[in-house]
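As written, the chains take the letters A, B and C, and residue 1 is the first residue of each chain.
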Amino acid sequence: MRPSSSPEPASALAALTWACSRDLRIALRHRGEVALVLVFFLLVGSMFPLAMAPDPGLLRAIAPGIAWVSALLATLLSLPRLFAADHADGTLEQLLLAPAPLAALLAGKVLAHWLTTAAPLVLLSGLAGLQFDLDPEDIAILALSLLLGTPLLTWLGAISAALTLGARGGSTLLGLLVLPLAVPVLIFGAGSVEAASVGLGAEAHLSLLAAGSILASMVGPATLSLAVRIAFE
Amino acid sequence: MAAINWFRFASPASFYPLAGKLTGLFGWVAVLLAIAGLYVGFVIAPTDAQQGESYRIIFIHVPAAWMAMFIYVVIAFWSVFSLALNARLPSMMAQALAPTGALFAFIALWTGAFWGRPTWGTYWVWDARLTSTLVLLFLYLGLIALRSGIDDPRRADRACALLALVGVVNVPIIYFSVRWWNTLHQGATISMSAAPKMAQTMLTAMLLMTFSAWAYAIAAALHRVRTIIIEREALTDWVGRLVNPVQRQRQP
Amino acid sequence: MRNHPESPDLESTESGLVVDSLSCNAGYRLLFHALSFQLPPGCWLRLTGPNGSGKSTLLRALAGLGRPAEGEVRWNGIVRQPGSADWHSVMLYQGHSAGWKDSFSAHDNLALQQALDSGLQTDQLSADIDALLERCGLHSRASLSFSRLSAGQRHRLSLARLAAAERSLWLLDEPTTALDAAGQALFGRLLGEHLTQGGCAVIATHLPIACEQTALELDLGARTGTAPDSGH
């Protein structure tokens, strides 16, 4: 009947790699946008000592909390970048219609987003730690907690960003959706550094964060594709 | 059990009159149970040795907190049907329940403050249950905000359904993480769960108020869902007949 | 590369696109009700109608982006599963937003999209990309940033994608708007080639399309009749 034959759908790994490398290339061309998020992280962290007496003991005590809240807000700020541009120029629509597993394509996008947003935050947390005069061991725990907790955070944020695509209320609505869901990550992330600093050991916190991130990475892609499909109905 | 075809009520058109009848029924049940519960709680139950009379606020606070949590689970239940069956009525029920759930969460927080003030001198304590209820209130507000932010009603249904499911999975995690956080900082906190030892009458009052709150929630949700049904089915014939009965009378 | 699988059970007498009693809503409005048509291979359907009559919604519903309220879409006798990768290898949809990134050049955009369109299988594409760009008149602007191209030139890239992708069914929403006369002629040629090879196309347009094969016509504005009790 038809002489032309249709292509075989892409494998999940190929789709993930394609989407991830594409988004990384785009982020490379918009380095300013990426850097902005990191600057925001440091900026928010600096607001707190300015808003209270810069007593070193106090600052050291509240440092993990401030660092985590700043990371949370910075992640929130960067989330619209994940889908909004692709939604506006029609690229996201074409991803939905591609002969490739949507979950893998979206996982590639989320991975690229984590690499360009959260991973630099992990590195910057050292600077934040110095601002608050944290011990090197505590800084290491802080960085590790961010490393283990940000994937979970990114998945929660990605799902919320997909649900709010095309909804009124913009990033404030996104914040209302993400922040309550992020409470456990915040508690265990900041709590890990606190536990380490009083000598209780952060293993429990860190393992919970890691477990959460692994679980999110397994369940996230399917949930995210459902959320994106809903956004296009 | 009579062989009722429950699926007959799955269409908004046939559910509408049923909801109307049930609203009145549950409303009266709620009022009667509330009168009984308040009587037992405020008149019959004894004064607490440590907290005096102010403890009586728990007869409103605890049922409200329980209902806030329970309603969210019910919303998640309806959301499963909404997504799996792509049906309208479960989403309408979820939409109707959210404001009631938010109200109960708010009442729990408000009455918690009124309990805290005379008992411990502060309006707010960061204990596990109050904090989780606060987070629960934000989750409800998120559902309501997402619903009003999306114009297309079917898309809003499915987006809120997914959000509710993501939320319901997180609610126990949030609760346990907040409890962990709370126990770690034990020294600084006062716990709401340090309620007075329950005399039998206190328990009775608590249960009566809880069932009253449950009946009220059902009545409020059914009443609200009728409005939602009318709003969303506005262009159909049966709503037209409902709104313009004069035309119906004119027909031979 | 494989042929589209046939149903093992029944003798599929249908070939091409069959739309059976499709109804679509947009928000609170019913756009069309119980729409049915058949599009054999080698034919194309011109969708017309005033603004808001549901042309875009119909195309999107066929593509699998929106959920029809009721009805069925069949391809070669098999019920199409919206969202399945198999369906995506059969059809190509181009809506109002062309789906190109401003950050990339025309060449990179086409290379990326072509890789995805062909299922991320082969690497023999780069030479083809240049030839395609040449054919669509974009060769001189291939390496410029996409934001520097005019609307008409961006649309030509969509033509290049159409020429490259091996798809049996085209679902196009106003493909020739913003194209100049040469671009419209090019589109007509591409469409003719596609149909000659046995493909189908559903095209929503209010402009004439210079194609040899005549189109089946469907005017959504002329369809009347309201739906019975249907809600949202």
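The rule is simple: a contact is a pair of C-beta atoms (placed from the backbone, for glycine too) under 8 Å apart; a residue touches a chain by one contact, two chains touch by 3 or more.
Keep in mind that this is a model prediction, so the values were computed, not measured.
Asks: By the document's touch definition, which label belongs to this structure's chain graph: line, ring, star, complete, or other?
Replies: Graph shape here is complete: every pair of chains touches.
Asks: Once you count every C-beta pair in contact for both, which comes out on top, A-C or A-B?
Replies: Most contacts of the two pairs: A-C.
Asks: When you average C-alpha coordinates per chain, which one falls nearest the overall C-alpha average? Tell me, please.
Replies: The chain sitting closest to the overall C-alpha centre is A.
Asks: Could you state the distance in Å from the CA-based centre of chain B to that of chain C?
Replies: Chain centroid spacing, chain B to chain C, equals 47 Å.
Asks: How many Å are there between the centre of chain A and the centre of chain C, using C-alpha atoms for each centre?
Replies: 35
Asks: Measure off the straight-line distance from the CA centroid of chain A to the CA centroid of chain B, and report it in whole Å.
Replies: Here chain A and chain B have centroids separated by 32 Å.
Asks: Could you list the positions in chain A whose residues touch two or more of the other chains?
Replies: In chain A, the residues touching two or more other chains are 233.
Asks: Would you please write down the residue numbers of chain B that are in contact with two or more other chains?
Replies: 151-152, 154
Asks: What are the residues of chain C that contact at least two other chains?
Replies: In chain C, residues 67 touch at least two other chains, as defined above.
Asks: In the complex, go through chain C and note every residue touching chain A.
Replies: 1-4, 15, 41, 63-67, 76, 83, 85-86, 88-93, 95-104, 112-113, 115-121, 166-168, 197-199
Asks: For the complex, which residues does chain C have touching chain B?
Replies: Residues 25-30, 67, 228-232 of chain C touch chain B in their complex.
Asks: Using the touch definition from the top, list the residues of chain B that touch chain A in their complex.
Replies: Result: residues 83, 135, 138-139, 141-142, 145-146, 148-152, 154-155, 158-159, 162-163, 166-167, 170, 173-174, 176-178, 180-181, 184 of chain B touch chain A.
Asks: Can you tell me which positions in chain A touch chain C when the two form their complex?
Replies: On the chain A side, the touching residues are 1-11, 14-15, 18, 22, 25-26, 29-30, 88-91, 93-94, 96-102, 229, 232-233.
Asks: Using the touch rule from the top, collect the residues of chain B that touch chain C in their complex.
Replies: Touching chain C from chain B are residues 12-13, 86, 88, 151-154, 232-238.
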